[in-house]
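Structures follow.
In what comes next, chain A is part of two complexes: it sits with chain B in the first one and with chain C in the second one.
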Partner chain A sequence: MKPRLPAVVAAVSGLAMLAAFFFQSVTSPYLGLVLNWAIIVSSMALLVAIASLAVTHIRFIIDGQKGFLYSIVLLVAFFSTLIIGWYRGLEDPQYLDWLRMILVPVETALMGLIALVLMSAAVKIFRVRGWSILTVSFALSALFFLFLNLGFLRHDANSTLTAVISTLQRLPLVGARGLLIGVGVGALLMALRVLFGQEVARE
Partner chain B sequence: MSEQPDELRICPHCGQPNAVYTLRCIRCGEELEELFDLQGFEIGHVPGSDESEDEIASMDQMLAALDESSLLEDPKQEDPDSPDDEADEDGLEPEVGDETPDWLEKVRQRAKAEQDAADRLARGGMAMEDQRAERDREQVDQAFEEIMRRIREQNEREKARRPWRAESASVDENGDPEWLRRIRELQPDREEDTKEISAHSAARSDLEDEWTEEELQELLKRELGQVDEETEEEITAEISPLRSVAFEAEPEESAESALLLPGEEARAEPELTNFHNIPEDDEEAQAGQPEDEKPLIEATEAEQPAQSSAEKELEEANRQNGELPIPLEDRETVSTQNELELVEEAGLEENFEQPAMQADLQEEAVPRDKGEAHDQAEIEDKSENADQFPPENEPESPEEPFQDLLLLRDQRDRARALKDILYQEGRRTIAVLHESSPQGKFGRLVLGLLLMIGILVSILIGPAGSIDLPPQAHALAFQENLASLQPGERVLVVMDYQAATRHDLEPLAARVLDILAGNDIQRRVVTANPVNLLLASNLLEPAQLPDEFIPGGMLGYLSLAAASPPNWGGLPISLAFDGEAELFARIDQVILISDSADFVRMWLEQVSPWRAGIKTSAITTAVSGPMLLPYHGSGQLQGFVAGVTDAKVLQVGPQDLVNLRAWQAGMMLMMVVLLLGMITKVDQDFSRRSEGQGR
Partner chain C sequence: MLPLNLNDFVATAIVGLVAVVMFGVWVFHRKPPAEPYESIPAYQEIDAFIHRSSEEGKALLIGMGEGFSGHNTGLGDSVGVTIAHTMLKRSVFNDQPTRSLSGDGALACISQLVVHGAYENAMTTELFRSDHAQLTGLGSFAWMGGVLPELAHKDNAGLILTGTMRPEHLLIADLAERRQAPLVVATGSVGAQAAFFASEAQVTMGEEYFLPSIGSTNQAIYQNSAKIMNWVRVMLAIALIVGAFLKLSGVLP
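This part shows the complex of A and B:
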C-alpha cells in the first residue's frame, strides 16, 4: 500500500485538475486553494534545500575536504546577503547596487565561459564522435547560420537570394516543431501513466 | 577356439547350421541325436541287404532281429505239423535233443545283457539330454533377458543424459538418421562409404528391434564362452565401419559438447567406445563392474585385440580414399586432443576446475607409435602425477586453441564474447568523460586566448560597426501587435531573465516600455524571479522595484490565472499583493521579457489557456528564438523579438545592444574553430590510413 500511495495521490490530483479545467466555474476556488497549498509546500521545500546546502558546506569545512575554500566563500556570501538584506531591506538602493555589481559580472563571465566551452566542443566533436550524419549536419548548419547572421550578405541586392535565405532561415522552425511535438507527446503519455496509476514512485 | 568352421552341424529336419555342441536345433528345436548313435545299428537296416556295411542299425533293431530269427527260436515251441521244417533242421543242425546248445545259450544271455544295457544307456542318455536341453534353454533365456536389460538400461541412460540424441534418431524419407546426414554434409566424398554404413546402421537398427536366430545364436555362444575367432572377426568387421563413423563424427560431437563441463565430457567419452551397442561381456565379467564406470584407457586397451581386423580395414579404406592411414588409437588421440582443446576453449583460460580430469585427458592425448601401446602402469603413474606437473601440450596463448577447433561461427563468436568479457573484468571499458590531459588543457588555453584576443582587438580597433539584417516575420508581428494597443489599455509585463542576458534584452524591453508610455498605455510589471528585483531598476526608475513579486514561480502565475477568489475568504497568495489580488484583471495584453524559451512555452501552455482573451507576445534572446517559432506559427504567440537580429524592428540600434565588430569577430572565431576541428579529424584519419598502409 505504501508504494502505491504516491501514485494514487498523483492520479487523484491529475483528475481533479482535469475536472477543474472542464468545470471551471464551479471548481476554480478549490483549484486556487490546491495550487496555494502546492506553492507553500514548494516554498518550504526550497527553504529545506537552502538549509541542506548550508549544512553540507559547513560539514565540508569541518571535515577539511578538498575545495572547502569554495564552501567558505559560499557560506560567507550567503549569510552576508541574508543578514544585510534582512537588516536594510530590499528597498535600499545601496544594497541593490551591491548585489547588482557582484551578480552581473559573475553571470556574464559565466556566459563567456559557456562560449569558450562551446568552442572547445566544436573542436572535439569530430575527434570524439567521428564522421557521422549528426556531426556533419551539425557542422554544416552551424557554419551556414553563423555566416548568415554575420551580416556580410546584402539581402536587398537580389530578391531571389532574399527568398532563398528566408526559406533557409525557416529550417529551425521545422526542427523546433518536431522537437516540441515529441516533447508534447511524451508529456501526454507520462500524464496518462500518472492518471492511470501506472507510474509508481521509485525509491 | 576352433579353427574349423566346417564343423557346424546341419539339422536334419530344417537344414539350419548349428554349433557342434548344440543339442537342439536353434530353429526348429528338434534334437540333434547323432551324438548317441551307435555304429552298425541303423534304423531300417536288414541283415543280408545290399547296403554298405557302414550303414549300421541301432542296438534295438539288432536285438529285434535276433528275436525274430528262426535260428534263435525255442525248439519246444515248434509246430509239430511241419515235417519239412524238421527235416531241414535235422539236415542242417546237429541234433541237440531237448538241451539248448551252449553257444546259443551264451548268445541269448549276451543279447539279453546287452539289451538291458542299451535300454539303460538310452534312458540315461535321454534323461541327460533332456536335462542339458533344459539347462541350455534356461541359459539362452537368461542371456537374452540380460542382453535386453542392458539395452534398456543403456537407452534409458542415453535418454536421461543427452536428450538431444532423440533428435538424431529421427530419420528422413530414405531411412537415414540425422547423424548420418550430418556426416555426409561434412564429408560428401565419402558418400559410398556412408551408404554402406547406413546399411549397417539400418541393419543394426532392425536388429535392435528384432533379434534374429543368428544373432541369438551368437549371443548364446558369447554367453557360453564358446565364441570362435571367426565369428568374432565377423562381428568386429561389422562393427568397424560404425566405429570409423563414430570417429569421423567425433569432432562435431566434440564441438557440440564443448560447453559441457569437464566431468560431463569425461562421462560421455566411454559411450563412443561402446558405440556398437554390443555388450562386452567378457571384459565386463572380468572387471566385475559396469562398462560405463571403466576407465577409458582400460576400455581402449581391452578392445585392441578385437580391433586389429577393423584397423586393417580402416587402413585399406583410407588408402583407397587417398588419405594417410591413421591407426585407431591415433584417431582416438586426435579426437581426444580436440576434446581437450574444446574443454580449454570452453574454460577460456580460467582455472580448470577438475585438474585430475584434465590430466587424464592430457595423458590420453599423448601420441602413440604404431603397434606400440603405452604401458598401463606408466599411464596410471602419469595420471597420478598430472596434478603436479603441467601438461606439455598446453596452449601458451589464448588464440592457439582457435586454430584447430571445429566450431560454428556463432559458437566461435559467443566464445570470443565470453572471453572478452572475462578478459575485461575489472578494467575500465567506458571512456571517462572528464578525463583531463595536459595537452587538452593547453589547447583549451590557446582557444580561450585566441577568443579573447580577437574580441579585444575588434573592440579596441575601429568603430563598432553596423549590421543590416532583413526583418523577420515574428518581429514584424510583434511590432504590429504593439502598435495595435490603444491608449488606456493595460499591459502586463512579466520579467524573467538572468543578469548575464540583460544586455541582450534590456535595450529592447526599455524601448517597448517607452512606446507603451508614449501611447499612454498602462503597464503592470511583475516578476517571480528574485534576480529581477535587482535588475528592474535598469528598466524602471532607479531603485524601483517591480509592481508585484509573485511567489511560487509558474505555480503562482497559474494560481492567479486559473483560480477565482473564494466566497469564504482569501487565498494565501493574495497576501503578496498590496491592493487587488487580481493579476489579470483588466489586462489586454501580456509581454514576456524572458531569456528562457521554456518559461515562454510554459506560460503559453499552462497560463494562457485560462485567459484565452489575452494576447501574448515576448522579448527574448536569439538563442530562444527558434524554439518559439512554432508557437508564433500556431497563433499562441502574437510575435516576439529575439536579440540583436530583431533590434531593427523596434528602431533600436544594434550598437546599443552589443559591439557589433566584437560580435562578428566572435562569430568568425567560432567558424574557424569549427573548421579547424574538421581539418584535424581529416588529418588524423589520413595519418591512420598511411600507417595502416605502411604496415
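This part shows the complex of A and C:
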C-alpha cells in the first residue's frame, strides 16, 4: 500500500486539477488558491534546498575536505547577500546595483564563452559525428537558412520570388513544429502514465 | 470565468485520443511483440555507464536541469526524475555514490527524496548523505556553474544530463570532451538537442527522451509507450493532412 499512496494522491490531484480547469465557473476561486499553495510549497522547498546546501558546505569546511576554500567563498557570498538584502531591503537601489555589477559582467563573460564554444562545435561537427547524410544535411541546412535569414536574398519587385523566399524561411519552423508534435505527444503520454499510476506499476 | 476556446477543446480531444489508444494497447497487446523496438542509443549508453561505474569504482553524476519552477513550464524534469530513480536503484552499492545536481529548490528536494528512497529500498539508509542530491544554483547559468566543477573531478565515470536543457549548456559538453568524461544528454528541449548534436555527447532526438528504456526492467513499458506514440502520431498526421486539405478546399473557414 505504501508505494501506491503517493501515486494515488498524485493521480487524484492531477485529475481534480484537470476537472477544475473545465468547470471554471464553479472552481475559479479554488484554482487561484491551489496555485498559491503550489507557490508556497515551492518556496519552502527552495529554503530547504538552500539550507541543505549551506549545511553541506559548512560540513566540508569543518572536515577540511579538498576544495573547502570554495565552500568558504560560497558561504561568505551567500550570507553577505542575505544579510545586506535583509538590512537594506530588496528594493534598495544601491543593493541592486551591487548585485548587478557582479552578475552582469559574469554572465556576459559566460555568454561570450558560450558563443565561442557553439562556433567551435559547429566547425567540429564532421570530426565528431563523421560524414553522413544526417550531418551533411544538418550543416548544409544550417548554413542555407542562416544565409537566407540574414536577408541577402531579396527581390521586392518580384512578388512570386518574395513569396517563395518567405515560404523557404518558414521551413525550419515547420520542421521544429513536427518535432514539437512528437515531443508534445511524449510529454502527454508521460503525464497520463503518472495520472493512471503506470509509473508506480512499473516498480 | 475564463471561457474555454477551440484550442482547449482540441487539446481535450487529443488527451482523450491518447487515453483511448493507451487503453487499446493495454487490452490488445498483452503479449511481448515478436520483433520489439530497438532500445534508444542514449539510454543504452546510460545502461553502460551504470555497469562501468560499478566496475571501475567511479562516481556517476546526474545533472537534473533547471527544474520545475522559474521559466520552465514543461514536464521534462519529471522524466529526469524517473531516469535518476532508475539509475540510483542500480548504483546504490557502488564504491562511489551517484550524485544528482539540480537547478531548482523543488527539484533538489524531490531528487533528495528519490536518492533517500533508493537507499531505503536497499535497506542501507546509513549510507545516504544529503550531499548526494544537491542544489547547485538557481536558474540556468547558476546550475551550469555548479555542474562544471563537479564534472572536472577525475573520479567520475560519466555525466548524464537529464531534464530541461538549453543550447547554452553546450559548455558542459565542451568541458566533458576536454576531460574525456563520457556524456549523455537526455532532454526534450529541441534547441538543446540541436546544440548537443554538434558535440560528442550521446543525445536523445525528438521524443526519444520520453521513452526511458534503461535496462531490462523498463522494456515492457517502453515497448507499449513507443507503440502508443506511433499510433497517435499517425492519427495526428492524418488529421493534419485532412485539415489542410479541407482548409485549402474552402470547407473550413
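Going forward, the second predicted complex is superposed on the first by the 170 of 203 C-alpha atoms of A that agree within 3 Å, B and C clash if a C-alpha of one lies under 4 Å from a C-alpha of the other, contacts with A are read in each partner's own complex, and residues count from 1 in each chain.
Simple rule for what comes next: contacts are C-beta pairs under 8 Å (C-beta built on N, C-alpha and C of every residue); 3 or more make two chains touch, one makes a residue touch a chain.
This structure is a prediction, so every number in the text was calculated from the model and none was measured.
Touch criterion met: A:L53 reaches chain C, while chain B stays clear of it.
In the superposition on chain A, A:S42 makes contact with both chain B and chain C. After overlaying the two complexes on the shared chain, residue contacts for A:A122 are found with chain B and with chain C alike.
With both structures placed on the common chain, the touch criterion links A:L180 to chain B and to chain C.
When the two complexes are overlaid on their common chain A, residue A:F196 makes contact with chain C while staying clear of chain B. Residue contacts after overlaying the shared chain place A:E107 against chain B and chain C alike. When both complexes are overlaid on chain A, the residue A:F147 reaches chain B alone and has no touch with chain C. In the superposed model, A:P93 lies in contact with chain B only, and not with chain C. After overlaying the two complexes on the shared chain, residue contacts for A:L5 are found with neither chain B nor chain C.
Annotation: chain A residues 24, 28, 42-43, 107, 110-111, 118, 120, 122, 124-125, 176, 179-180 touch chain B in one complex and chain C in the other. By the touch criterion stated above, chain A contacts chain C in their complex at residues 22, 24-25, 28, 41-43, 45-50, 52-53, 55-56, 59, 67, 70, 107, 110-111, 113-114, 117-118, 120-122, 124-125, 128-129, 138, 176, 179-183, 185-194, 196, 198-199, 202. Of all residues in chain C, only 1-2, 4, 12, 14-15, 18-19, 22, 68-69, 74-76, 78-79, 82, 102, 104-106, 108-109, 112, 130-131, 134-135, 138, 141, 145, 149, 167-168, 170-171, 173-174, 188, 190, 195, 197-200, 206-207, 209-211, 217-218, 221, 225, 228-229, 232-233, 236 touch chain A in the complex they form. Of all residues in chain B, only 443-444, 447-448, 451, 467-470, 472, 498-503, 531, 533-535, 537, 542-543, 545, 551-553, 555-556, 558-559, 562-567, 571-573, 601, 610, 626-630, 633, 645, 660, 664, 666-671, 673-678, 680-681, 684 touch chain A in the complex they form.
Remark: chain A residues 20, 24, 28-33, 35-36, 38-40, 42-43, 90-91, 93, 96, 99-100, 103-104, 106-108, 110-111, 115-116, 118-120, 122-127, 130-131, 139, 142-143, 146-147, 149-151, 154-156, 162, 165-166, 169-170, 172-173, 175-177, 179-180 touch chain B in the complex.
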